[in-house]
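Order as written gives the chain letters A, B, C and D; numbering starts at 1 within each chain.
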Amino acid sequence: MKQLTNEYLNEAIEDCRPYAVNGNVNTSLPNFDDTLRDKLGVSIMTTDQSVYSAGNSTHCVPMQSTAKIIALMLALHDFGKERVFQTVGMEPTDEMFNSIGAIESHDKVKPFNPMVNAGAIVVCSLIKGGNNDNRFDRYLRFLKQMTNNNELAMDESVYQAEIANGARNRSLAYFMQSTGALIFDVEAALDLYFRINAVMMCCEDFSRVGLLLARDGVDPGGERLIPPHHLRTVKAIMMTSGMYNSSGEYAVDAGFPCKSGVSGSIIGVVSGRMGIGIVGPAIDKKGNSTAGGALIKKLSRDLKLNMFRTETL
Amino acid sequence: MKQLTNEYLNEAIEDCRPYAVNGNVNTSLPNFDDTLRDKLGVSIMTTDQSVYSAGNSTHCVPMQSTAKIIALMLALHDFGKERVFQTVGMEPTDEMFNSIGAIESHDKVKPFNPMVNAGAIVVCSLIKGGNNDNRFDRYLRFLKQMTNNNELAMDESVYQAEIANGARNRSLAYFMQSTGALIFDVEAALDLYFRINAVMMCCEDFSRVGLLLARDGVDPGGERLIPPHHLRTVKAIMMTSGMYNSSGEYAVDAGFPCKSGVSGSIIGVVSGRMGIGIVGPAIDKKGNSTAGGALIKKLSRDLKLNMFRTETL
Amino acid sequence: MKQLTNEYLNEAIEDCRPYAVNGNVNTSLPNFDDTLRDKLGVSIMTTDQSVYSAGNSTHCVPMQSTAKIIALMLALHDFGKERVFQTVGMEPTDEMFNSIGAIESHDKVKPFNPMVNAGAIVVCSLIKGGNNDNRFDRYLRFLKQMTNNNELAMDESVYQAEIANGARNRSLAYFMQSTGALIFDVEAALDLYFRINAVMMCCEDFSRVGLLLARDGVDPGGERLIPPHHLRTVKAIMMTSGMYNSSGEYAVDAGFPCKSGVSGSIIGVVSGRMGIGIVGPAIDKKGNSTAGGALIKKLSRDLKLNMFRTETL
Amino acid sequence: MKQLTNEYLNEAIEDCRPYAVNGNVNTSLPNFDDTLRDKLGVSIMTTDQSVYSAGNSTHCVPMQSTAKIIALMLALHDFGKERVFQTVGMEPTDEMFNSIGAIESHDKVKPFNPMVNAGAIVVCSLIKGGNNDNRFDRYLRFLKQMTNNNELAMDESVYQAEIANGARNRSLAYFMQSTGALIFDVEAALDLYFRINAVMMCCEDFSRVGLLLARDGVDPGGERLIPPHHLRTVKAIMMTSGMYNSSGEYAVDAGFPCKSGVSGSIIGVVSGRMGIGIVGPAIDKKGNSTAGGALIKKLSRDLKLNMFRTETL
């Protein structure tokens, strides 16, 4: 077992950076182009509040799908587990994250889980706060508190791009209205979804989200933001569905809950030990950072982070 | 947190037995009829070799799908992880365990994972041993060693019923041959699959399989039967795909690896702590024991078995 | 072979009316309730301009899906065959008329054909005329001319119901925008689609639409409204896809092009001989009038209307 | 309108031969290789028994899927329409001809129609005659009588290749057994299916099959082999499902019933006028001869063969 140090992380970054050649930068995002391909950064924050960073750890990207776990936390907080899962399922799917047919072909009323787009959109419809400005303010305050970063903000150009390219998500949202899953204002739910996708974060911010989950909801100031039982739910769903259609592979090869986004971001959670934040914009066909994913697996092996280990033996 | 005692288990059985009304006995199995509906038994074996049992813990049933994890262990042992997963995937699916369309519609060569029938059949094709009698003997010896039960045997009437009702599995097997996943003798793979489904076990046997996984491969005599890294793979796949199309729900509500069978059997694994064996023949539409599943969730809550807990806080 | 007379039609209506018990009235349409179940009317207009009617032939219903063939005629007229079929396919589908998964699972850009909702919505996007009031005026003028009925109009309550229940169609429309099939204003295409579904017609009106097709585009006044080659295209698509997921059955048992709507309306075309208009509001699960469908098949047998006959033998 | 002469056909062949570049020869068939790419032949036999031929009209190929209509005729003869369509549907499908998922995802018991492989296999199970040698003899006698060609025979190497590459069809057959559609001997049905695929024919043979259908069942000697109402059923199904997943396109662009095979063969039926036989081994991705399909469409335009024309205007 390796020791977690900045030096170790520097080496790990250089080991994994070459995997970027297997991926492509998602150029539908503003300011994302092929010059980002080789960027790779990581921050790890441990439960004793130590921070380790390496590589392009200060490169900020929009949260994209990593926002889905924040939205789920808030919805669980606002409505409780029973009500949330009347609206969205908790089962993994083999379909793409933006699939409609998956829902339709199973005669389902609910999206499969909160990690696919349809699921996240109905989860957004459950976040309280009145009008959308207030709901997004509340979301952002929650995120600022857990990351201890008051500068967090939505990028307007990313938000506008989400709207401009939003036909598929709009189709999903109206489909969920047609099944009865999305009973509140469809356009408001979509708009909040577009906004939370567009919040910019860098590696340390991502690692602090992971740390909150690793500490069962206690923020950097020692305040409990959300009850532990809700976070167990979030972590279990990250394990079965957090890494798009490679979630099974990451359960095997990483063995701890992760959530990725098509901006190349990954949040990792090692309960009781650490939160991990990674940015590596070159993504594979399923949507996961290729270099970032390699780094997640390497950290698991080197630092013995796999939950399916039997520590007592 | 409750204390694990026989008394506690007796109470737990009586609490959960009424859930049997939500299920039905799978009468396509020989000797399975509605008189089995209210049977519910459990055995728990801890890493310090204590055994706790309650209810109908000596009622034996055919392994059915719980055999899939034994076959996977042997195939990993015989061919290694890389070769096994060239033949079968490791991703959860939202389709039924006997679905062909799931594979076809994704233009897939490989079955989704070793926990669906198509996956288990190709896994069976990878078990070494020459002719089928020898391969099954080897399988049975492996199972006897881990359960410390030399009496284990295949039930001939269950085996014959598997053959008689085998059209769908035969269709799956030839489909996997057509994609190139099953390159060895199709009928031999099917026959081995039918045999392993027909081995009879009771709760203590099931719990000892769980214990082997909880002890990273060390059998009751202290011998390591299989390397720990292979068992981490098995446990991760049980977590994401072990409970048919309710695997996500069990990841959330139990939070430890489980595998169920349509005979109403469930194997649970709490790494470093215990193996759990349950028999409750009334199953729900997805294939899981209704009373047994309720018991798994109750044990998780009462004994704090959820892996997504943060013990150090 | 029977003779086509009013007396014959009266008997035919009474023979077929009992089939209504196998269907249900689509109560999502305004003013549609179970009292309409037993209504059944028919008008047949021959190429020599004789009209035969029987039953509830003056009962008006909204066109619903029978409007899809009018929209297709106009789009073919406005853009030509090549351009129209760059936007929509011409293949039958086994999926429901409002399916999205059918398109998604085949990685298709285009809806399967102009007879499913997604196809008709993109066809609507191709109808010329500037703003939607003008485009609908043009559509209605075209329909008035071919039916020789200047009273035709949209029912406001049906239109409002289409909007209120429009989530699934809106989802389909945005899906088609996301694939690139619907490049014009999505909400305008939807609105035109909702309007044309809401135009009220009775049996004689429906029969005159059939007659225009049977006369290769010549209207009651002798003017050619649309070139014959476009109408051959429309008739072929009616044959393979006009009767929802029973189109194959009607090709066998009727043997001439038909188009049905969930209001219980059916338009039949016997080239060179007659147009048929039927209203029978009790529909089966696939969307076809049960009594009306029985009548179509009876007319085919009695009057020898099946195109697959070999007349010269 | 062009005149049907050998000279006209020679020109038509040369016009259409270049379309072969858009296709590929199905090299899984014995003796099929790229040297066959430019072969294109046609024979047309009219109801007055005149024969017109051009191009490589004497090049023989295995019937492949064109055999499906012969099998359907025999099954209709042996069991009648009602019984046959209890076993197989009559609806077009958007799935590939060898799809299982199409059946599974619709919870269907029956294959969609007799033109897809699963449908043809269950149709084969309905052909009477005792053992398979006798059943195939009977099939071959029927085919010899309608083609007036006593030399017709199965090619042993094609039959062996069907068996060797038969995994997908075997999977389909056992799937149909599992749903209850195929209740007779599965391996016998498969074997008969493999045999009928392997019968060798050239253009004139194919045209005489078409002519039998065009003459409502009267063979060259004037004997009626099969009642007209069964042939109307066959022709209607050819129209909606005969050209694989381009059937809708051929209904529009040819407008008469056709059936194709992956050997590049096409049978066309113009009721009361002619039978058409074409061989052109380069096929497109859907399975249809590219040059042969172009020729079918050209013949329809030039000779006015489209059934959706309105002759009396």
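Keep this in mind: contacts are C-beta pairs under 8 Å (C-beta built on N, C-alpha and C of every residue); 3 or more make two chains touch, one makes a residue touch a chain.
Quantities reported herein were computed from a predicted structural model and do not represent experimental measurements.
Chemist: Treat each pair of touching chains as one step and give the shortest count from chain A to chain D.
Modeler: Steps on the shortest route: 2.
Chemist: Where centres are the averaged C-alpha coordinates, which chain has the largest centre distance to chain C?
Modeler: Max centre-to-centre separation from chain C belongs to B.
Chemist: Please work out the Cα centroid separation of chain C and chain D, and write it as a whole number of Å.
Modeler: Those two chain centres are 31 Å apart.
Chemist: Measuring centre to centre with CA averages, how many angstrom lie between chain B and chain D?
Modeler: The answer is 48 Å.
Chemist: So which stretches of chain B touch two or more other chains?
Modeler: Where chain B meets two or more other chains at a single residue, that happens at 102, 105.
Chemist: Which of the chains touch, listed as pairs?
Modeler: A-B, A-C, B-D, C-D
Chemist: Write out the stretch or stretches of chain C touching chain A in their complex.
Modeler: Per the stated touch rule, the residues are 99-102, 104-105, 167-168, 170-175, 177-178, 186.
Chemist: For the complex, which residues does chain B have touching chain A?
Modeler: Within the complex, chain B touches chain A at residues 47, 89-95, 102, 106, 112-113, 214-216, 218, 228, 231-233, 235-237, 239-241, 245-249, 251-252, 255, 257, 271-273, 306-313.
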